Amino acid sequence: MAIVNFMNNSPLPMQVTPADWPGGYWWHWVFFTVILIVFVLVMVMGAIYIERRGLGRMQSRLGPNRVGPFGLLQPVADAVKVLLKENIVPNSADKVVHWLAPIIAFVPAMMIFAVVPFQNGALLADLNIGILYVIAISSVSTIGVFMAGWGSSNKYSLLGAMRNVAAVVSYEIPLVLAVIGVVLMAGSLSLNQIVLKQDIPFILLQPLGFLLFFAAGCAEINRSPFDLFEADQELVAGFHTEYSGMKFAMFYLVEYGEAIAMSAIITTLFLSGWRGPLLPPWLWFILKILIVFFLMVWTRTTFPRARIDQLMALAWKFLLPLALINLFITAIQVLVWPDALPWILIFINIAIMVILILLWSKFFKLGWGRIEV
Amino acid sequence: MKFERYGIGLIKGMVVTIKHLLRHPTVNQFPEQRLNMSRRFRGNELIWSRERCTGCASCAKTCPQGAIEIVTATNLADNKYEVQKYQVDTGYCIQCGLCVEVCPYDALFMGYSYERAKYRRGELVQSGDELLESPQRPASGYFHPEIAEKLPKQTLLVEKIVEKRK
Amino acid sequence: MTTTGEITFKTEPFVLNFGPVHPSTHGVYRMRATLDGEVVLDIEPVFGYLHRGIEKLAEERTYTGFIPLTDRLDYISPMSNNLGYCLAVEKLAGIKVPERAEYIRVIIAELQRLANHCIAVGSFLSDCGAMFTPFMYMFREREKILDLFDMVCGQRLTYNYMRIGGVSQDIPDEFLPALHKFMGTMPGMIEEWENLLKQNEILLARTKGVGILPREMAINCGISGPVARGSGVKWDLRKADPYSIYDRFEFDIPTGEVGDCYDRYRVRVEEMKQSLRIIKQAMEKIPSGPIRAEVPHLIRPPAGEAYAHIEAPKGELGFYIVSDNSIAPYRCHVRPTSLINLTALREMVKGWKVADLIAIFGSIDITMGEVDR
Amino acid sequence: MTVPLAIKEIASQIEKKYPGSIEEAAQNSLVVKSDSLLAIAGYLKDTEGLKFDYFNYVTAVDYYTYFEVVYQLTSLEFNHTVILKTRCYNRENPAVPSVTGLWQGADFQEREIFDLMGIRFEGHPNLKRIFLWEGFQGHPLRKDYLQ
């Protein structure tokens, strides 16, 4: 049974199904639902803490350090403050849409975690189409964001929401194509199976796929350098300009929840999930999530923001062709040399990545300039 | 977006930020750690010396904001010329220090303290004995080099960073 | 307008108010931007939210009493305003400034240029979306300069340091060693910023070729300072019309070629290096002696008029003073660099995206205190 | 060093071209009649050897009996400068031709003078108040303006 497995901390790489069907089934569900909610909330708080402290230190300042030891309770204080604030709905807003938007954005961010394995078999639902589910669910948040932008009846919000829809629609494609490379390597759509197949982390076998997935993922979940939807220098706060109090907290939660979810997916697909020596698997998993998240914080600190047309051009002219080529090469490798030594493949794939990026850097200009008006 | 240098610029920038993560931050924790102000610091309150003031009203004339009010009279009983009222509306004061600069008798000083917020507007209007120097109201060395010598050395960020990196 | 079947889709431009309260309008500037989706069709600048009538106030203050108010014009670089005003009055009254005071003025004015460009470049980069990291680094350097100013005049923002006929106080003994230390660290810091963003591909994409100000237009609009030099106008009042003792120092005038945002950014950084050169030369040659000419406190310049201009960090800052032989100026006009530099903004942003509008606006580097006066 | 041009020489040049347009050739400034201002400004801008292509500033001074509008022009090529002035004696409805057609840089400055001094610039494309709000009574920089 999954729970037992989770408790026993067993590294056995085999698929465990619930033993006693009805009772165990429901226990399994309740247990993991609670675990997931707690996990997401705690991780979001950790992520906020890491982001603010990391940003602070990289910017040569301290970051929050007053609430609790080392400022660890700052996210809690923030949450309490935000929850106690007055909830303001603009007069001309579409009330129902304005109310519904945070919920619709929030639910999918939580639902992604249902298929993410914390350990072998330790997951809420081991769907055999796990990664498909993730792709499908993660883009539902966009509807919430768009509703927020539309319902606020604010031009800044609307611009932000429009950008979001445009970007997510474009970035789904390279995202999916990058995933397919991994799926081809693993031979399964189930996240648990993908992890089990990763004796060598797929980041080494699929370096280009990792880069593409990371870039597309950042754009999809609104992380810098592609955080155009709430670009504070341009659009004040983008789609959530008119939100306050509880509803704003939900959007805040979505933002970090999605970041954590994306880190978890990257960990699972490319960094061999919960697998690792010495430490217990769930700890490995959390560590890897935090490392990926830190990478996001790091890029956020360093990079300026891309423009919307450059963002779209990056998706269609840079990521999409590279993803297609990557998929093609992976397919050939899987078909022709299924038993090739992995180290040779790693070497070949990294060489291919470097060559492709050099070529694309040389020949493609992304974005266009002035439009005659 | 053209990756003219194949992303080298991106990586260079990331190296700089990660270096800063490992460096000591340059901020200081205000209420616990306090920096020494400049010796010539022009602080919140004006300090007036009753003994030295002759009531010439140079300060009142030069004040660009007209914040200083001074009334003088001849005291016939003691056969003296004395300052009856010296009042400063620190709410109007812009701490330009021109009054201290023009005072021919060194009777005015800028304050050396900075946490001088008041609860009421009326309290900002200070006059007479409220303006005298006291341990709570130290004088600064602005245009008074003899005071500046005694004040502690100013903390400089340049020196602080150099010290830390040693 | 497109028609499919019976449904008619109609697009129309909409008006978006940037400011007066907006994260990147550098104060209380307001633009009424007409947008077609993301494309800026037209902007109409709206001023006056910070209008304090400084020119009228000057008529009611003594010549010396107006110096503190010049601090409030361009509050990013008050020392330059002090200097410009004092030069105008000195020209009007024919006052010769002692040698040591001239050197102190040059050192202070060049330090002020460094401090201003720290803010200009930092806020421009953060307008491009660089998440405040460059801003923080540059603010740290500005802080060191403010420490030096604090040491000299006792304030960090409203200096009131220059006087008619010299400077208010001699520099303290610990000033030159501290300046020496600062000069030692500054080149390294500039190099660090260069590494951070100079070659960053996203920044290049965002700024290269964006917001081009052609040379002819720059001259015709009366643009001055780094904005004009970025467009290739080799015009620097320190060389063209040397005031104070600038003819004794060796330095170059960096110019751009295209006149885009990137050129303006580069010109500012290069100017900082030139300022360091000037300070180094001035530090070596600084003589001893009096720091202030014998000038009565209530100076009465002879009736007449004078215009003195300096190369302030933002461009040509001039004071036109009419005297009627009383203790107060009869008329004091400030040539506002920032206001005149904004003239070309409308032509520069037409046809660019919203994000470019912010970046172009940031690259002009204005201060509302000077625009509205 | 920016050289102030000899006013007498320019004055005689202009007098030759536009007779009767100069009101006074003072020591350091050239006072011209307001109705010939545009022609003279255009002449100064385009003549070979003068080429005043850079417009430093425009401002106005209230001398009670008349308003004086002051223009300073600089030539970036020859590095010389000239101060051009024009006067309007009509206190009720003073008007001066606008030079925005020649130098675009005058745009905001002329609006500012219109706002604060109340001088109309004929031919300005967008002459409305710039710092104060629409409907503000009076023009604060005039000497007779009282709160």
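In order of appearance the chains are A, B, C and D, and numbering begins at 1 in each one.
Basically, contacts are C-beta pairs under 8 Å (C-beta built on N, C-alpha and C of every residue); 3 or more make two chains touch, one makes a residue touch a chain.
Please read these numbers as outputs of a predicted model, since none were measured by experiment.
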**Q.** Graph separation of subunit B and subunit D (steps between touching chains)
**A.** 2
Q | Minimum number of chain-to-chain contact steps, subunit B to subunit C | A | 1
Q | Label of the chain whose CA centroid is most distant from the centroid of subunit B | A | A
Q. With respect to inter-chain C-beta contacts, which pair, A-C or A-B, contains the greater number?
A. A-C
Q. Subunit A to subunit C: how many Å between their CA centres?
A. 43
Q: Just give me the whole-number Å value for how far the CA centre of subunit A lies from that of subunit D.
A: 62
Q. What is the distance, in whole Å, between the centres of subunit A and subunit B, each centre taken as the mean of its C-alpha atoms?
A. 51
Q. Between subunit C and subunit D, what's the gap in Å when you average each chain's C-alpha atoms?
A. 25
Q | Junction residues of subunit C - those touching two or more other chains | A | 133, 137, 140, 196-197, 200, 202-203, 205
Q) Out of subunit B, which residues touch more than one other chain, so two or more? A) 1-5, 7, 10, 13, 16-17, 20, 26
Q | Per-residue overlap in subunit D, given as positions that touch at least 2 other chains | A | none
Q: If every chain is a node and every touching pair an edge, decide which shape results: line, ring, star, complete or other.
A: other
Q | Chains that touch, pairwise | A | A-B, A-C, B-C, C-D
Q | For the subunit B and subunit C complex, residues of the former touching the latter | A | 1-5, 7-10, 12-13, 15-17, 20, 26, 37-42, 58, 61-64, 94-98, 101-102, 110, 140, 142-143, 148, 153-154, 156-159, 161-162
**Q.** Of subunit C, residues touching subunit B in the complex
**A.** 61-62, 64-69, 133, 137, 140, 143-144, 147-148, 150-155, 158, 160, 168-169, 172, 174, 178, 181-182, 185, 192, 195-205, 297-298
Q) For subunit D, which residues are in contact with subunit C within the complex? A) 1-2, 53-57, 59, 61-62, 70, 72, 76, 79, 83, 103-109, 112, 116, 129-133, 140-141
Q) In their complex, what parts of subunit A are in touch with subunit B? A) 54, 56-62, 65, 298-299, 301-303, 306, 310, 313-314, 318, 357-358, 360-361, 364-367
(Q) Per the contact definition, I'd like the list of subunit B residues that touch subunit A in the complex. (A) 1-7, 10, 13-14, 16-18, 20-21, 23, 25-27, 29
